[in-house]
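In what follows, a structure is listed as C-alpha cells, so that the remarks can point back to it.
For clarity, chains are labelled A, B, C and D in written order, and residue numbers in each chain start from 1.
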C-alpha cells in the first residue's frame, strides 16, 4: 500500500455538527471516504491508502480542486482506495462533505 | 491412524461402531465405564445432503435421551459435495441442520467432541468438526479451508508467492498447525498414547463456553477476534 | 469480338460445379467444404456476411476448413471481422486481402495480424461506405449470407435481423456473382419473403439459427453515477436547447443512461414530445421505458437485438415490421437515415485529441468503425432544414446570410474523462496516428473528424466547439472538460474561465445541475429485470444478462 | 424522489440499515472511526475497509429494541474475515445475554480467502452464537437479497436463523456456481447460464422448497415490513425466557405464546392486513403465516387468501426457542424434501412436482404474482427451522 498525506489550507470551513461521515466502499474502481472533524478550521488533512502506486500528482490535483470547491476546512479525511478514477474520488469527497454537513436526525 | 485403530485405542473393551457407506454409527464404552456415542464421516468423502441428513438423524436420536452421554464425531472428509443436485435441494440447510443438531445436543447436556483424524474442508468442516463443543485432532490431520491452487486462481498470485506468505502467517494456508494457531482446534492428541485416556481426561474437564477466539489470540493466529467480539458484546449491553 | 457475358458465364460454371454437391439449390450439408472448394476460385472477391450482430457462422467455418492449396488469396470484403474463423482464413492463406468496417471482438488479434503482415489491408470503412463500394469497385464474386429460413425455391426469410443481407445480395446477384445462403431451416411457406429466390443460387440448411451477438444490451445495473451525470448534462445542455427530435445514439453506457433518464429527468424538464421522438437506432432494450411512457414516435433499425423480437412485433406503430409482424431491419437504409435525416449523433469513443479528432483505435486494438463515422458526420448533401440543424449552423457561422448558410448536424462525443482501466479519454496523440505510421497507411483511422465534432460532454461539463473561433480556443475548450487527465491539468485556467463566460464551456452548475443529485434512483430501470417488466414481459433477455 | 422504490439489491450495508430501522435509532458498535481493520489484508497488498465490511449495532424497529447487522457485499464480496466475523459473534452473544432479537442482512460470498482460517472459525463461532441465542428464545431473522448472495459459510449461518426473508435476487447456497464449474466441470454446472444459477439457488426457488420463509420484492420497504412482521411474533416476555433457560417443553409455553402472538400481530399489522392476520390466527394460530401475509399485502393485494391457506406444522402462535422438537420437525422436513424431489434434474421439475402448472413461467413472474403462487404451492418450512 502507498500512504499519501496532504495537509493544506482550506479557506471555507465545513458546516454542520455531525462528528463523522462515511461514504463509498472499498471495491474495484471505488473508494471509501471517512470524514471527521479536526481542531484546525482553516486546514484540511487528508490521508490516502492506495494499492495503485505512483499517482501522487493526480491525487494532488484532485485534493487541491476539492479544497477549492468545497467547504473542507476543519476536516480530517481518511481514504481507503480501491483504484478509483479521479472523477469518482471527487464525487466521493463532495458526498462526504455533504453528509457531514447534514442536520443530525 | 485408521478408524479401526482409533476405535481400538478408544474402546479397548470393544465397541458397536459400524460403517454405513463412508459414515460411522455406534457406541463404545471407555475403560472408566463412560458410554460414548460415535458418529463419523470417513474416507475423505464429500458431505452432501444424503450424508448430512443421515448424520443429523443419528445425532438427534442421541440428543433425545436425557442421559448426557457424550458424542464423539470422527472426521476425515473432503469438502461439502459440489454438485448441482446438492445445491438445488438446499445443501446449506442440510449442513446447517447437522450443525444445529450437534449444538442442541450439546445444550441438552451431551458433550460433543470432534476428532479430526484426516482431512476436512470448507462447509463440511464447519458442519461437522467445527460444530462440536471441543475439537481435537490427531497428528497428520490436514484440514483446509481452501486449497492453495484455488486461492492462487482467485488472488491471481503464483503458488510459490502464496507459500512464501504462508510462512509468515497461519491465517490463510491449509494445515493442522495453522488451524491450531487460529484456535479452531483445541489440542492435538498424542497418537502414541491411549486415546481412551486422553478422551477421559478431556471429558473430566468441564467445558466453559466458546474459547476458540481466546485460543487464537493466545496462539497468535487471530490477534483481534476475541477483543473485537468482546467490545461489541460490551457495547451492546452498555 | 468481345464477349459481353463473361461474368454470367463464370457464374454458370460455378453453379454447374456446385450442382454436384446439391439437390436443386439445397447443398448437402456434409459436403459443405467440397462444395465451397468447387464454386470458389483462387483470388475471388468474397463477401462473408457478418456485421456487429448476425453471422453466417456455419459458412464461415466451412470457408476456414477449405484446403488453402486449392483456394487461396481470397479478397474478403465484409462488414464485420467478428468470428475467429474470419481471421483463421488469413492465417492459413485462404484469404489475403481485407476490406472491412468493424472488428470489435477480434480487435486485438486483427491488430497483431496487421502488424505481422498476415493481412493485406485495403481500408477500414464505415458501413455505408463499404456498401457503396460493393456497387462500384468491390462487387463480390461470391456472397455467403445468412437467413432464418428458406423455401425450396431459395426464397429467404431473414427475420428481424435482416441487416446487411439485401444490400449484399443486390450487389452480388445483379453483379453476376454467386449467392449462397445458410438458413436455420427449410420450410414450405415463409412468414414473409425478404430475398426473392431468383437472386439466391444455393441454400445450406445449417440445422440451427445463425449466430447473433446481443451487442446493444446495456445492463442498467452497471450504470455509474458519473455516467448518469453526463446524461443529465446532455439532456439539459444539448437536447433541450437544440430541441433534438431526430437522432441516433451510440451503444455506450452514457447514451443508454440518457435513454433511461427520458421518462424521469426528461419528464421533469417537460421535454416529452419535444425531444427524442424519431430515431435511427437498433432496438436498445434501454429505450423500452421511454417507448412505454409515450416518448417515442418512430424507430428505424439497422438490425435487431436478441430478446427484443416479441416486443418489437407488439409495437408496430413504433417499429418497421413486415406482414408477419416481425421487425424488418436494414442497415444500409438506416445508415442513410442516420446520415441525412437525423439532427444529432451522440456516442462514446476511446480517445479524443486536442483538435477534437476521435478514434476507437489504440496501439494494440483495431476495433474498426461500424456506423459511427457515417452517423457522426455532417451530410454535405443535406438540403432540408430543421431547427437544431439551423441553430447549429448559425452558431458555427454567424456571419453568412441565413438563406445561404449550411446547417450543421450535432455530432457529440460523450464520455467520462477516464475510461476503462483508468485510461484517459483525452490524449496528445491518437493511437490511430501511431498505427498509421506503423503500417504506413495513407490515412489514420479516425472515427469522427474534428471538423465534424460539435460538442464534447464529460462529467466536468460540455464544450461547444461550434462557438470556437480559433484553434487555440478549440484546444482550451477541450482541455476545459478534460478533468484530471494530463490534458485537463494542462489547461490555461484563465482562458477556460473566459470560454465559460461565452458558454463555450458549461459546467454542471452553469446548467443548474448539482453533480451530487446524479444517482441511480433517477433511472427509469435499474436492472435488466426492470426492463423486462417495463416491456410487460415481452422483452426476453438472454440468460447471461439475468439475475433471476 | 422519495416515492421511488429503494432497491435492496443495490443498497449498501449502511443504506440497508437506515432503511430497516427507525430513523435516527441506530447506534453502531466498533464503527469505522475506530479503524478496526483487517490485520491480514496488508499481506496481500489489498486495501482495508474501516468497518471490515460489516456494520453492527443497536436500533429500534417500530420502537422495539433490536440488534442489527449488515454485510457490505461490495467489499471483498462481503466475505467473512477475522474482524468482520468477530463483530457478528459479539453482537449475537449480546443478543443472548439481553434476550434481544437480531436482524442480519446477509450479503456474502462466504469465507474471505486471504484470511480463510480465521474466517472459517469465525463462521463456526457465529453459528454457535446464533444457536445459543435461539435456544435462549431470541429470534434471529436473516435478510437475503444482495449482490453477493449468501454463499459458503454465510449459507450455513442463514440455515441457523429462525426466519429467512428473501427477494428474487437473493441467492442462498454453499458452493458457488463458478466453484462447482471449476471443480466438477461445465457439464455439472454452467456458471455463465445465469438463468440456471438463479433457478437453482435464487430466492424464488428457495421460497418454493421451504428454504426461505418470506418472499419480498426487491424493495427496502418490503424487507423492513417483512422483518417487522417476523419479529412481531417473537414477543416472548423475558420472564418466561428466564424461567426456562434452555430447551422449552412446547406444551408449557404454548398457551401463553399463542395469546401473546395474537395480540402482537393484531396490534402491529394494522390496516388492510387485519383480515389476513385474523384469518391466519383462526386457522393455525399465527406462526409464520402472519409474517407472510403482511409482506404479501405490501406487494399488492389479492394474496392474503392464498397465504392463509398455506399449511402449518406447528399449531402454536408463538415460536419457542430452538429445541429438539424444532430440529425433529426440520429433520422430517428435509428428509421429505429428498424423498419428494431427490431425483429432480432441474428446479422446474421440482416446481412441477409442487403442482405449478407452468413452471417455466416462474422466473419471469413479477413479485406479487409469484408470492400468490408460492403461498398456494410452496413447501412451507413453518417452524421447522
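Some notes on this structure:
Just so we're on the same page, contacts are C-beta pairs under 8 Å (C-beta built on N, C-alpha and C of every residue); 3 or more make two chains touch, one makes a residue touch a chain.
The structure presented is a predicted model; accordingly, all values stated were derived computationally and were not measured.
Ranked by distance of CA centroids from chain D, the top chain is C.
Here D is the chain whose Cα centre lies closest to the centre of all protein Cα atoms.
Of all chain pairs in this entry, the one linked by the most C-beta contacts is B-D. Each chain gets a centre from the mean of its Cα atoms; for chain B and chain D, those two points are 26 Å apart. Rounded to a whole number, the gap between the C-alpha centres of chain C and chain D is 46 angstrom.
Per-chain CA centroids place chain A at a distance of 36 Å from chain D.
With centres taken as mean Cα positions, chain C sits 41 Å from chain A.
Shared contact sites, meaning residues of chain D that touch two or more other chains, are absent. Per the contact rule defined earlier, chains pair up in contact as A-C, A-D, B-D, C-D. Against chain C, in their complex, chain A makes its touches with residues 58, 61-62, 65, 83, 85-88, 90-91, 94-95, 98. Partner chain D is touched in their complex by these residues of chain C: 221, 520-522, 526-527, 529, 532-533, 537, 540, 543-548. For chain A in complex with chain D, the residues that touch the partner chain are 1, 19-20, 22, 25-27, 30, 32, 34, 36, 49-51, 78, 80-82, 105. On chain C, the positions that touch chain A within their shared complex are 224-226, 416-418, 422, 459-460, 483-484, 489, 515-516. Within the complex formed with chain D, the chain B residues making contact are 49-50, 53, 56-57, 60, 63-64, 80, 82-97, 99-101, 103-104, 107-108, 122-123, 125-127, 130-131, 145-146, 150-151, 153-155, 157, 165, 168-173, 178-179, 181-184, 210, 212-213, 216, 221-233, 235-237.
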